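Labels run A, B, C, D, E and F following the written order; every chain starts at residue 1.
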Amino acid sequence: MHEIGVVYRNIRRADGGVAIKLGACGTATVHEAMGRVGLMKPYMRPIYAGAQVAGPAVTVLLQPGDNWMLHVVAEQIQPGDMVVAALTSDSTDGYFGELLATSFAARGAAGLVIDGGVRDVRVLTSMKFPVWSKAISARGTVKATLGSVNVPVVCAGMLVTPGDVIVADDDGVAVVPADRAQKTLEAAAAREANEGEKRAKLAAGVLGLDMYNMREPLQMAGLKYID
Amino acid sequence: MHEIGVVYRNIRRADGGVAIKLGACGTATVHEAMGRVGLMKPYMRPIYAGAQVAGPAVTVLLQPGDNWMLHVVAEQIQPGDMVVAALTSDSTDGYFGELLATSFAARGAAGLVIDGGVRDVRVLTSMKFPVWSKAISARGTVKATLGSVNVPVVCAGMLVTPGDVIVADDDGVAVVPADRAQKTLEAAAAREANEGEKRAKLAAGVLGLDMYNMREPLQMAGLKYID
Amino acid sequence: MHEIGVVYRNIRRADGGVAIKLGACGTATVHEAMGRVGLMKPYMRPIYAGAQVAGPAVTVLLQPGDNWMLHVVAEQIQPGDMVVAALTSDSTDGYFGELLATSFAARGAAGLVIDGGVRDVRVLTSMKFPVWSKAISARGTVKATLGSVNVPVVCAGMLVTPGDVIVADDDGVAVVPADRAQKTLEAAAAREANEGEKRAKLAAGVLGLDMYNMREPLQMAGLKYID
Amino acid sequence: MHEIGVVYRNIRRADGGVAIKLGACGTATVHEAMGRVGLMKPYMRPIYAGAQVAGPAVTVLLQPGDNWMLHVVAEQIQPGDMVVAALTSDSTDGYFGELLATSFAARGAAGLVIDGGVRDVRVLTSMKFPVWSKAISARGTVKATLGSVNVPVVCAGMLVTPGDVIVADDDGVAVVPADRAQKTLEAAAAREANEGEKRAKLAAGVLGLDMYNMREPLQMAGLKYID
Amino acid sequence: MHEIGVVYRNIRRADGGVAIKLGACGTATVHEAMGRVGLMKPYMRPIYAGAQVAGPAVTVLLQPGDNWMLHVVAEQIQPGDMVVAALTSDSTDGYFGELLATSFAARGAAGLVIDGGVRDVRVLTSMKFPVWSKAISARGTVKATLGSVNVPVVCAGMLVTPGDVIVADDDGVAVVPADRAQKTLEAAAAREANEGEKRAKLAAGVLGLDMYNMREPLQMAGLKYID
Amino acid sequence: MHEIGVVYRNIRRADGGVAIKLGACGTATVHEAMGRVGLMKPYMRPIYAGAQVAGPAVTVLLQPGDNWMLHVVAEQIQPGDMVVAALTSDSTDGYFGELLATSFAARGAAGLVIDGGVRDVRVLTSMKFPVWSKAISARGTVKATLGSVNVPVVCAGMLVTPGDVIVADDDGVAVVPADRAQKTLEAAAAREANEGEKRAKLAAGVLGLDMYNMREPLQMAGLKYID
């Protein structure tokens, strides 16, 4: 599917305000609001706990052991963007570190999601530059082979089209197609609206069995209680 | 081995006081005190560092991608219980999150051990609800297929019978059969009693080689020193 | 390759002062300064974030499920040494814990790198005794079979000769052959010298594309921009 | 749960004739007949294709890197038995090879299921001694530490009680509790009885959608067809 | 990205004749002819050696532990199609076996590619129904939750759009977008045309160093020969 | 440890006749004869069953995703050599296929051991060119970055010095240092000499417990028999 050696300069980004609001909802809520789809695989972990960000995706496709295209994608970053880096084959090398983070931050990037490794994680943590990655590795890379920028990529099992909203927090990374961002936000907001009430009931000792009226369907499915 | 579709309401819990004292000993000591058995596999990790808890096991068997039975088990929780969730096949989905944690906490659960995934980990961390899991994942689950509650289960490679004492800390999770809890506690206490003295000696520079009288058995096994 | 059942008492350690300076450079810089070689596999992770140490390697070869030789190696530790523990076959058991850490610390060890498991991680963290390991596991080990001390070992995919400099931080673990330590330090220092300037430029918004003069080689490699 | 250092000589074996008939049904059918439970994890693979056997379980618990107890279990084998070897911690070493296979075969063992490694696989294949294992490895083991024989063990995620029926083929390994063997055989036979008719219909081009009357439940679940 | 609960009946299939010719080229050649892209991850393995097939993709998205949609997709199969089954979360259960294979074969399917498990592999092998899968497992599945048919899916890391050509052999699985099938075939044929000559030269002892004129670029890259 | 960009033309090969005899002993026997050391990790698997070869090692160090140096090493192959390919970071790409195999075979190579992927496995199998690899993958590689030839490498966890004897069969791969080859052969031959007698006794029903006089040491270790 991938084109190699091309940089698309003009992409249609999802609305930045919508992206920020989706970020505030968090990965789990957004994923539920889309109908329980859109998550990257759970091996994608944040390099430090507590970051929760979102933004339109700028994508980059890297060759194994080669981070040349990360310099190319830097130029395409607009403030608020999330960079999504995919690889043409599995690798855990350290494609990204302090200097690239400094550059990405200067361009206004909201964060990086990379299906590979990252290094200088102590510095990135102190810079508060959030990264979700498959690995942490000091191993450096060459700059010898072309990949692409702003082509659709598969990152950690999920298709990402440039401009899609990327939502990332301690639970992982979700991808919202640009044309579904607004609708997803509405569904997420509706979902959150009645969570407070549920939480209060459960905290007061009401059981989910009763709150969700599960006793009858459980019985019909054949559940047996034995004393 | 598993029965599907049953909930045992009456289980014989290990003594709660003994459980709490075993928890104070920690996983490594308890495992040693049992004769070096009883540990779940080391892929079980806490969602945050520093929690150390113990309690009688209430068990639940889940089907892949389905968390219905977690609502059923909630009703069976008594204060101080540890919930142990096993799966009928490998999965990393997020079976448990903020709402269920609120409910479990309201029931007095000491924590959760799950051979699958968990989500809302930032909230669970701030709630101080400890979870040991195989994965962290935002992916939601359906409520369509029955499992069981309070049947013996295999969780992360270890058999757990309802009522067994579960001990969990940063080193992992140990399972103490209910009928061996008291004896294990005595062995653990004895083990701890002389650790202080050993620690002091080692801190003062005495070698384990001398403290444990290892030099002769090492020589008999054929160890050679070369200058 | 391995000899079993021998302890070499006299090894040629890399210069301790050079080791400490290499430690200050960090794993990524040292690895780059050696020409992008010398890293252990990225599954080696610190038990707590933020430690950054270095020292000459004292090596120990362990048999699976057996930590006897860790007591033997303790006697060979000199202040500032890094202990490197390899295994004759893959294992995640907990070979090292509080008591051995107390002993190693009393001998002046700078830290431990082990291609296996470690336990008592909460105590080790509070002791500030840094460990890089493949796993965390409460599982104990026996003392029945000989390994060796101060033989060359392969640890996490990397050959370590006794006396080599081990550099470890949040990005992983690097190995610098003793006879290349001085030269590597010079290359690392040179590398760091001009990082500050680069960082400042990138922070000011200069692109790596321009700073590194990449535009022409990218064009020659065939990169196409599409509007 | 495990006792260490004991050999139970008298176990209640499931009926051998029933076991052989269960073996003829195969792993998948037996697992379905039990209500879709009882399978070891799918990493257990046969060392050669085409073997399909079953028999009562004789169990052995091994320590990591130590195969001493395989000699102890040999004496407990009766003709038709399946030996099930579990380990106290994960390992891929080669615990079993040509000589032990010769001994097991002389005792009449039907095969071996081992949650570890095996070697001499070319010879075992030519001997037609079937083994299901987690790994193939030439690495040898010591004889230094006790385990147990004929205690309940967890092997590849499944509890095996001595005497249970073990069914193994190219699809994996199933465990049938001894007291459910007869009932499981009846359910398996019933299941097989109408498979032939189904197979004929499907081969003739009838769709499962129609044969199983799925169209209406699919529509009720909300499935939409789009031209 | 995924829609849940829909079946697209009309898809634009790549030309069947072109697909068959791509199949004759094999996975490696096709992947090279596309510019070294388009491969599924290498964990996808054939259940038996020697099968080499190709055809337009009919896709199906399954929920974990649920194979309901495989019956739905059966109706959409046309002779020569390759069925590509993706999952909404990682699973190794046995979603496909003898009965479904009988049905798929009756519909004329060329084979199945599934990012999950398969069972009855001995029968499938004797039927010569080729399957590439992530796992072999006897574990059965339920029929409770909807997925989709003929939506774009990510299978083993690769985007598959319905109608794309799937090429599969002992080296793995390649995906050729329908609109690039003809061009890819031409490039693959050109590639094969001069392989015979190269093979003959190499077999005669000519070195690749000379045949590909590599000596000068190697020298320019700095390669040093040491006697 | 690795030098990059060098080719050592003169290496001291272990005696070819000794290598061939070690090959006839097989991996397990050779590994035992060395004192139970020298094995690569068990993820190294043959691409087809039944090959058993040995020869002096010619080594090559590859960069990830780059097979340039395989053409360089081809020139250094002498009849009977085993090529050992290591990688500077983990990768499963297909570095080696039909054309290189044709060239290696023309040079007289006995086989290839590669800590990465291989392709064209059906053709390699029909050519009877044996390969032990970590993966099978159709994914191609570039020719852009230097590695080295005939430097010491770590392959699948084992140090290989050029000229060492490599022994490979269905059980895996063993490495015998050149200067220990003769002695290892003698130990292996001695080991084989009395295997026939042991095999005959065990086949006749003698137990290992008696043949190896294990009953007393088992009793002394505390083993208890329970009726």
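We adopt the following convention: a contact is a pair of C-beta atoms (placed from the backbone, for glycine too) under 8 Å apart; a residue touches a chain by one contact, two chains touch by 3 or more.
Just so it is clear, the structure is predicted and the values come from calculations on it, not from any experiment.
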item	value
Given chain D and chain F, the chains that contact each of them	C, E
Centroid distance [mean C-alpha coordinates] between chain C and chain A, Å	31
Chain C and chain E, separation of their C-alpha mean positions in angstrom	41
Chain E, residues touching no fewer than two other chains	36, 88, 90, 92, 137, 139, 145
Inter-chain touch pairs (all)	A-B, A-C, A-E, A-F, B-C, B-D, B-E, C-D, C-F, D-E, D-F, E-F
Contact footprint of chain B on chain C as seen in their complex	5-10, 68, 71-72, 74-75, 92, 94, 97-100, 102-103, 105-107, 117, 119-122, 125, 135-140, 143, 145-146
Chain F residues within the chain C interface of the complex	1-2, 4, 35-38, 41, 88, 90, 152, 154, 157-159, 175, 177
Complex interface listing, chain F residues touching chain A	63-66, 88-93, 137, 139, 142, 144-145
Residues on chain D engaged by chain E in the complex (per definition of touch)	26-28, 31-32, 36, 39, 42, 45, 49-50, 52, 169-172, 174, 195, 198-199, 202-205, 207-209, 212, 214, 218, 221-227
